[in-house]
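In what follows, structures are represented as structure tokens.
After this come two complexes, each holding chain A, first together with chain B and then together with chain C.
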Partner chain A sequence: MASNRNRGSQKSGARRAENNRIYAHPLPLAFSNPEPGSTFGYVLGLLGFSLTKIENPHCEGVFDPATRSVWITNERDSSILWRRGFFGKGDLSRSEPSWLARQISARKAAGKYMTAEEIREKRRAERKQFKMDRAAAIAKAAAEAEAAFAEGRQAAPAVIPSGATWKPQQLGETAELPEEAPDDKDEDDELEPLKDVEHLQLTLQEAFFLVWNLDCLTVLDPQTSEPLSLQQIWKAFQNVHCVPPELPVYTNRFDNPFLVNYAAYHYYRSLGWVVKGGIKFCVDLLLYKRGPVFHHAEFGVVVIPVYEDSRDQESSPFNLPNANTFSWSWLSTINRVNSQVQKTLILTYVTIPSSSRVSTDLLSSPACLAHYSVRDVVLRRLIPARMRD
Partner chain B sequence: MEKHPSYEALAPYLSKYPKIAGPLFQTYNDLKLGQQWTGLELVELSGCSRCAIRGRRPQQVDLLHVVPCSLSESLSTDWIRTTFKELDGPSHVYLAINTEDSSIVYYKISPGIVKPPL
Partner chain C sequence: MDDNLELPTSAPKPGADAVKEEEEQSSGDEDQGPDWTKIPGLSTARPVIPKRGEKDFEPTTHGGSGLQRHVLDRSRSAMLEALKATRTISNKSVSHAIWYPQLKRAHVTVARGIHFTTMGHSVARPSATSESVKKIQRRLELLPEEALYLVERGAMYCWSPTDLPLPKSELLDDLEGIPMSVQQAYTEMIGTEDLTFERYQVYAYLKRLGYVVTRTTPPSPDYPTPSSAGSTQAFGSVLNRLYRSISSFLSRLVPVFVGGRDWWRPITIGRWLHHNMDNTSLFKSLRFLSSGYDVPLHIQQTPSAPASPYRLVYHLYKPSTPFKKTAPPPPDFQVVVVNARTTPMPTISELTGLFGELPELPPPVPRKRVSFAQQKLAASAPTQTPAPQTSLTPASSQASLASRVWVWVWPWSQADDKAKAPRPTNPFPSLKTGKKMVVVAVVDAGTISFFRFGQGVFTEWPMS
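And now, the complex of A and B:
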């Protein structure tokens, strides 16, 4: 099991080179350089201009208010958005949409590359086997100790497998595969062709970042299939949190959950981090230096909204999580969970402007985001007895 | 969402309980297509304003119950008690916590203290 801990950084050279090639672009916009020898380009360069063109993939997605997300259903856009910046998540997969590949692989039972899910299943099976071996060893040691006590002698020293030293036995697994393959061949002709029912799901924050900052995504209205304007998107993304919609109590509020979460998302994305959801580690966001395929996330972010004016909080129809003072036990729990997986906890305080100081007319455009302030605090546990430097 | 093959089976509940439409849709698809569960049925839990999903894992016989909810919801122990009551007291229930990026985290909830399996 010890080999698993650093496996993320122990990929083979070929795999690393392959990843560097596939995930070369950090954002969906790519730059195409002109041919190096041109004199025109050289002259322009002297004047401070460039012939470099920006390639915009112009991706398209559909807004889905029920799941509060934007769905990318066509494969080309889905692939571009994942490979250039790790935007979105396949709704039936761990990360990139791989459902169709897994189904085909399951039918053939002869996959060349294991998908992330298949690697996970293998790891889980091994962990389960380890737990069973360990439980058996503990039971055996207990029985031995009982017997030894009854006979009045010393028990033999117990050998209990630990995570660091246990190795998976390969015997049982390989025996099964050859039996399954012949059955599949007969059924293959009768199975209907697979239709890909998976889509890439972007959170509203990811979608807005792509629309507003990079202008590489068009969002379609789910009913009319017409592209939504920036103004309509800005309104619609806030309105998903207003249930039922258009009630006066919801309008013109700086503490709309979309705005607060977008402030934090935009902050980290614009600094170059790859930002993904953090529910698996009890945090709001995970920050990756280059992307999930390269290394595990180094930081877990908890977004803590702070109201500049407490009256705004009292009149708020949204119950923003973590907006009230938190307890030491809560902080300790989350820090512990993240330390166990070698992540550092960051508390990100997003200050919501006061509606009495800042005019709510500003809410009609993303310019109001300039009035939110984002401050982050890194948390590390200090053990004075052990940490001397 | 309407064009998705699972929409037809879920349509009556999606319109009846719109607040939980997203989580129900995501959980149903994850169980049916992602986890390949068999025999999926919808069980209405009117006390919790949603419906639960009942089915079996591939190659297993136990009937399992999954209750979808959203990460932004606030739950109480009373709510959990109601789900157990409306499902006729199963030995355990899986709470499917859905997020906007389509991640689902499942928590197994049992009434009373249960010793860990291994």
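And now, the complex of A and C:
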């Protein structure tokens, strides 16, 4: 027992060390120090210089207005952007673009052993079976109690399966694993080599963060495949929210969804959080310390845009989500969902500068972002009956 | 967990186990109703509020069953019986008060019991004992919610003053006016002195749990108010203010220098200068957009807007907080009461306004680290009384042996331990509490949800 546990923790320790190595860089720009002990470096350091080298990966992606994302199709680039800061999401995966690896391992397993996905599916099937068994046992016990009550006798004690005692039946054993193919070798040869059809998709906020601040991403025009200039990107990322484009109502708007979302995204990114989407938990963003491979998300963030001038809201063509205060019942709903998964709910208010205070000329460049402000409110339930001491 | 809930209630349980299990399940979840069948001695003078029991009735596809109906009927009649019982109080322990509608106060003429250690305040009133000599006398007075709470509880008898000649009574020594019923007290007291029905419901709920509840805004100069922040806090706030003034000065200064910031290239990564040559400083230089509560809110208020319902109403003291009525300590919580149906969630302006009035919370106390094994041991200690000491020693020596082997197998784990020794402050308790906190009690037709809104401190605790 003890040795078993030791082996387990050793394995997890090894995995942690491996993760620390793979995900060593929190941002795509990597800093490398030459020899730390050199006197030359030390002297330069005293003088305010350093020998640190910056490695800029110069990734490349294609802007896709239809999906409001930037596609990284190059395998090297998508792996760098995922490993250094957990940017983007594989379009065929839940997070890390792992489609190809999963396919390869499934082929390699080919019925000889179970892949991680198959084990998960088996576990889910077992869990479902357990719940059905339990429900049946409960119904049976209730019927028995009912009959006993009608006859006026004591009901026989019933055995209800619990998670600890229930064992999976043999029913799945044979069906789960496909029967071993005798001509395994030949089939392997017949299979055509796998081609990676997956791409990493970056949200526009992520892409702009990488382009604008770190200058480590080149965004290509989907039609011409020419690199877009920063000015073109700035325009294009806002225009995806303007349908049909070129309407006068969309011009000179401080409440373009891209700007509001970017302000919130940049705020948490600049504080060192890894920011991912949170639609699963009724929230806009999830905040991870270091990244999803290290910890669960600690916080669920609801982005709430606040107009400085309510007239701007009345004239808005965008209908921003959460711009109108939501009801108490919705707040309870979100908070229930998030406390259920051990996350703390954060309401993040992003103020939208009023067009009367700030000149709309600033919208032509990211300079306007300086006039948005972000503040966060932590929300938790208080249960007076449990807080008495 | 759900295993427990789905067990049918038919199988009779052994008595002792049932009681224990019930106590475990009712560990403070206040949402459920009481189990009326468990009330001991319904006919006795004192009905007690019992603990909740199990769910008695679960609709099935075949419709209600005989057994379930039987169980439900038994519980229901038990409840009605319990409610039917006459609530009585001994003549010797009841307090008396006279309600003055003009003053909106109840004057306590006979104070009995422990309630008055935390309720009521002393007021100097001219006493009208004789026509000519007006003497100033101090007397104990109750706010409407306090009087109503005591009346509803059956701890106080309230009278209405009257000019009519009062008949002599044999049961009571002296009649002080017309007796007031609970219904009458509700009608007369709610609506006076800013007491809404929702506020009373919150007040009464918290009082029943043992909290001390006082008004935030003193309704009269005689009402005792808590002492302002203690000396230790003052020192901190001086430092804070100094820091804030310096940082705000710097932040005002910064635009002068970076007025020429190239907004198309906000971050310049110096090739040779030390500036942002590692991740920490790179992240620091990324924080150039405005955030946090020191930035002015430019929200334009409509001039005709009605006053915000978000006002601090009650100071809340935990039952464990030592409370002195004449010199109340700083409160543990400050509470706002709103009606869920008519008042929407607070806006950021309203929250900022509330945070402006609130004191800063002390930093959260770091939780003592107790290993899982120790926790388990502590939990099982009361049940297995025989000599836990002896069984403890071999376990610990084994653990140390294991850890020694561990270090040998995995040398850098020790280095890790050494690095942990001067453990940096864990930012998560602070991030999850916030710097200032307001409790909003949302009342939806008698159901109260309490939410804490904390002023976020994400800007003060960057992750890197």
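Here is the rule we go by: the second predicted complex is superposed on the first by the 321 of 389 C-alpha atoms of A that agree within 3 Å, B and C clash if a C-alpha of one lies under 4 Å from a C-alpha of the other, contacts with A are read in each partner's own complex, and residues count from 1 in each chain.
In this section, a residue touches a chain if its C-beta (ideal position, glycine included) is under 8 Å from a C-beta of that chain, and two chains touch if they have at least 3 such contacts.
Every value quoted in this text rests on a predicted model; they were computed, and no experiment measured them.
With chain A as the common reference for superposition, the partners chain B and chain C occupy compatible, non-clashing space. Contacts of A:Val341 after superposition on the shared chain: neither chain B nor chain C is touched. Of the two partner chains, chain B is the only one touched by A:Ile279; chain C is not.
On the chain A superposition, the C-alpha centres give an angle at chain A of 110° between chain B and chain C, rounded to a multiple of 10.
Contact with neither chain B nor chain C is seen for A:Leu194 once the two complexes are overlaid on the shared chain.
Touch criterion not met for A:Val249: it reaches neither chain B nor chain C.
Greater residue coverage of chain A by touch, when chain B is weighed against chain C, goes to C.
In the overlay built on the shared chain, the residue A:Ala385 is in contact with chain C alone; chain B does not reach it. Once chain A of one complex is fitted onto chain A of the other, the partner contacts of A:Thr67 are limited to chain B, with no touch recorded for chain C. Shared-chain residue A:Pro222: touches chain B; no touch with chain C.
Contact with chain B, but none with chain C, is seen for A:Leu92 once the two complexes are overlaid on the shared chain.
Closest approach of chain B to chain C, taken over C-alpha atoms in the A-based superposition, is 10 Å.
Under the contact criterion defined above, the residues of chain A that touch both chain B in one complex and chain C in the other are 134-135. Within the complex, the chain C residues that touch chain A are 3, 6-8, 10-12, 28-30, 60, 65-67, 70, 205-206, 209-211, 263-267, 269, 271-274, 277-279, 282-283, 286-293, 295, 297-300, 302, 318-320, 333, 340, 344-348, 351-352, 402, 406, 409-410, 412-413, 428, 431-434, 439, 442, 444, 449-456, 458-459, 462-464. Per the touch definition, chain B reaches chain A in the complex via residues 1-2, 4-6, 14, 18-19, 21-22, 25-26, 29-30, 33-34, 71-72, 74, 97, 99-103, 105, 118.
Residues of chain A touching chain C in their complex: 2, 6, 10, 13, 17, 25-27, 29, 31, 45, 48-50, 52, 54, 134-135, 138, 141-142, 144-146, 148-150, 154-155, 157-158, 160, 162-163, 212-215, 230-231, 263, 266-273, 289-290, 298-299, 304, 306-310, 325-329, 331-332, 335, 344, 346, 349, 351, 353-354, 357, 365-367, 369-389.
On chain A, the positions that touch chain B within their shared complex are 64, 66-69, 88-93, 99, 131-132, 134-135, 195, 197-198, 201-204, 206, 222, 243, 257, 276-277, 279-280, 319, 321.
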